[in-house]
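In the two complexes that follow, subunit A is the common piece, with subunit B as its partner first and subunit C second.
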Partner chain A sequence: MIVVGWLDEFMWGSLVVLQIFFLALIMAVTWGLLGAAAKLSSNRAAKLTATVFTTIFRGTPELLVLLIIYFGSAITLTSIAQFFDPEVKFVDIPPLWAGSFAVSLIIGAYATETFRGAFQGVDPGTVEAARSLGISSTKTFFYVRLPQMWRLALPGFGNHMLSLVKDTALVSVIGLEEILFTADIATSVTIQPFTMYMVAALIYLGFTTVIMYGVRLMEKRANRHLEGGR
Partner chain B sequence: MAQTEQDPIIRLKNVDKFFGDFQALKKVNLEVFKGQKVVVCGPSGSGKSTMIRCINRLESHDGGRILVNGIELNDSLRNIDAVRSEVGMVFQQFNLFPHLTAVGNLMLAPRLVRKKSKAEAREIAMRYLERVHIPEQADKYPVQLSGGQQQRVAIARALCMNPEIMLFDEPTSALDPEMIHEVLDVMVELANEGMTMICVTHEMGFARSVADLTVFMDAGEIVEAKPPQEFFENPEHERTRLFLSQILSH
Partner chain C sequence: MSFDIALIIESVPKMLVGVGITLQLLFLSTLFGTLLAIVTLLMRIGPFRWLRWPAIAYIYFFRGTPMLVQIFVIYYGLAQFEFVRDSFLWPALRVPFWCAIIAFSLNVGAYTAEILRGAVQGVEKGLLEAGSALGLTARQRFIHITTPIAVRLSLPAYGNEIISLMKSTALASTITIFDTMGVARTIMAQTFKPYEVFISAAIIYLVIVWFIQMGIALAERRFGRYMKR
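Coming up: the complex of A and B.
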């Protein structure tokens, strides 16, 4: 089997995918929560900012967002660096970070809408009850709103996580040696595109299967308080 | 401002409240003294709920003054949390936290507001669950409880903060008839222990047996406020008479 010789490369590629996944996931959840909070707030500037954010990042092709963020930041950084030292040729944000950041913005924009809908599904009476007990609004958010919202957000958010894993494949275009990049290289050496791309696809399928299973467990846990209801 | 025994624990002075153009409260005046039980009744939309929601500032009033326990309710946030932790509130729809067990519902505020340890909070919670006669339901989630049990958990949850005052906003209106008495029993016990209470309710039996003062509201105004005996036997205003005949006739 010719694949065996490439297994360690694929493994390193998988590690890169995992790194991007977790970095982008943390950032995407943050953007999503901030975006949802902004959209639901009564502050018009916050609302407008969130709307611009979701419009841009849901409305442009993901590959373009990635390229614009990577090269945009590189050009900006390079010109700043050249201002201080004209000898500098090229400065960029490490592709891992640029890629994770770009993907997180896209997924964060979708998550904003999912979280917004989920927050709206939380019974406002429970929030009033918490406030009437003297619980501060910040603590009410973390102990009453968030745990209830999470259950409603999970099905949609599970989809976002799957998109996120698959979007990591895009990051190969800015030179990050992830799974697709490895498959490209392997193909150019072995001239066996079908085999190599199948390996890449199977690895992705492995990741997404684990995520789907994980989401199912989380949903079960999040719904446990509804069991045996009357 | 100094608080003396003679001062009312709750004082509403010329309180106005608007929802857009609609005036929900019109120059409402009410004084409640420590240990008093006040029953508020009136047709729906008369401003009963709005009034008690203003007392713990779930709604903010637009005119007049509200003093609770010597603290004036205004836009200062610190005051509001202080007032809220002294004023328990029970809602028509129970409003239990669905993601927490009964005992978890009771433990949340003591832990977050009173900074009790988990063990202390649990001990307090179990004490109050016993007081509302459902310690055996401690580890159940709200959906697994009947309406009457849920409302008793909600009462216990408010009591865990050891409030000076309890507000009840139609606590039995969402209950099946056979469960009303178990909630009223708990409320009567609470009244007998000397709790200061304001109850919005149409349970006139409760008003007769427990209330010191019966308040009738209509169209955002307090029409009549009297001890229950006088209120039921000798209502002064036509509107009160009409309302009483409607709810007592069947």
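Coming up: the complex of A and C.
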């Protein structure tokens, strides 16, 4: 089997995918929480900003967002660098970071809507109960609202995580050496495009399967207080 | 660095030519994908296990892998096999446009099949019981009760799927198709002005999404008219 010789390259590629996945996941959750907070706040400017954010990043192709961020940041950084040192030719954000950032913005926009809905789904009675018990609003947020919201957000957020891992494939377009890029190189050497791209597909299938089961376990855990009781 | 307005004015008409290709990709893939989804749905919920199993495998594969990988497997991958190159399908399979259509249709088919399955399962049991009490056969119940209600139930998710497909058509630019995104990338390569070019393209895409959303809202109103009181 010709694939065996390429397995280590594919493994390194998979590690890059995991890196992007976790970097983007952390950022996406941050954008999602900030966006949801802004959308639910009474501040009009914050609301408008969040709406513009979700409209733009949910309405434009993922590839376009990635290219704007990568080339846009590169050209901005280059012109800043040239201002100080005219010798400089090209400065860019490392593709790993530009890619993770772009993917996180897209998923963050979707997560904003999911989190907003989930926060609204939390029974206000529980928040009032915490308040009447004299629990501070910070503690109420972390111990009452967040755990309940998490349970409601999980099904939607699980789907976002699946989209996230699949969107990492796009980052190969800006030259990051992940699975798809490896398949590309392997193809040019072995002239077996189907085999190599299929290997890439199966690796991604493995990732999505693991995430699917992971989300199912998390849902079970988040819903454990509902088991048996009724 | 300055913002080049002239470049925007110059490049938007070129991109609008690309919009034609984007819309063709969108329309044909939605059409083929939906037909494929209906066939897959019937296989998936039908009584035969040997039909159910391939449907599940198909849905699992196409929902679990990135669209870009699927495009590459079909466009670059299929040429590996001699029997594909010798077959009568080769004239279509060597054209990037048709490869993109095949990849998008297969992808949309898998997602839509799941959407439709959810909708079919969401149809109230009581209605079907009422149908059988009135003496309708299983086939009549499926055509006259399940289908119209499931269509209405599936519309919001189906609409999102079309919007998501529209955004995915930008991936066609990776296999040398000059859709909106392809044109934008060409202009970008010539001028190296990412902000002007890509932001113009983004606005074009946002307008298309807006039109699709309006269309879906109209369809929802039309198919949901029985719910109005």
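We take it that the second predicted complex is superposed on the first by the 230 of 230 C-alpha atoms of A that agree within 3 Å, B and C clash if a C-alpha of one lies under 4 Å from a C-alpha of the other, contacts with A are read in each partner's own complex, and residues count from 1 in each chain.
Everything that follows uses one rule, which is that a residue touches a chain if its C-beta (ideal position, glycine included) is under 8 Å from a C-beta of that chain, and two chains touch if they have at least 3 such contacts.
Fair warning: this is a prediction, and the values are worked out from it, not measured in the lab.
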Given the superposition on subunit A, are subunit B and subunit C in a clash or a fit?
-> fit
Rounded in steps of 10, the angle in degrees at the Cα centre of subunit A between subunit B and subunit C is 110
In this superposed model, does subunit C or subunit B come into contact with more residues of subunit A?
-> C
First (subunit B), second (subunit C), both or neither: which does A:Leu170 touch?
-> second
Look at A:Glu62 in the shared chain and tell me whether it touches subunit B only, subunit C only, both, or neither; answer first, second, both or neither.
-> second
Figure out whether A:Tyr143 sits in contact with subunit B (first) or subunit C (second), or with both, or with neither.
-> first
Does subunit B (first) or subunit C (second) touch A:Pro193, or do both, or does neither?
-> second
Subunit B versus subunit C as contact partner of A:Leu226, first or second or both or neither = first
After superposition on chain A, the shortest CA separation from subunit B to subunit C (Å) = 27
For the complex, which residues does subunit A have touching subunit C?
-> 55-56, 59-65, 67-68, 71-72, 74-76, 79, 162, 166-170, 172-173, 180, 183, 187, 191-195, 197-198, 200-201, 204-205, 208-209
Of subunit B, residues touching subunit A in the complex = 56, 58, 81-82, 84-89, 91, 93, 95-101, 108-109, 112-113, 141-144, 146, 154, 157-158, 161
In the complex, subunit A touches subunit B at residues 123, 125-126, 128-136, 139, 143-144, 147-148, 151, 225-230
Would you mind writing out the residues of subunit C in touch with subunit A in their complex?
-> 1, 60-61, 63-70, 72-73, 76-81, 163, 167-171, 173-174, 181, 184-185, 188, 192-195, 198-199, 201-202, 205-206, 209-210
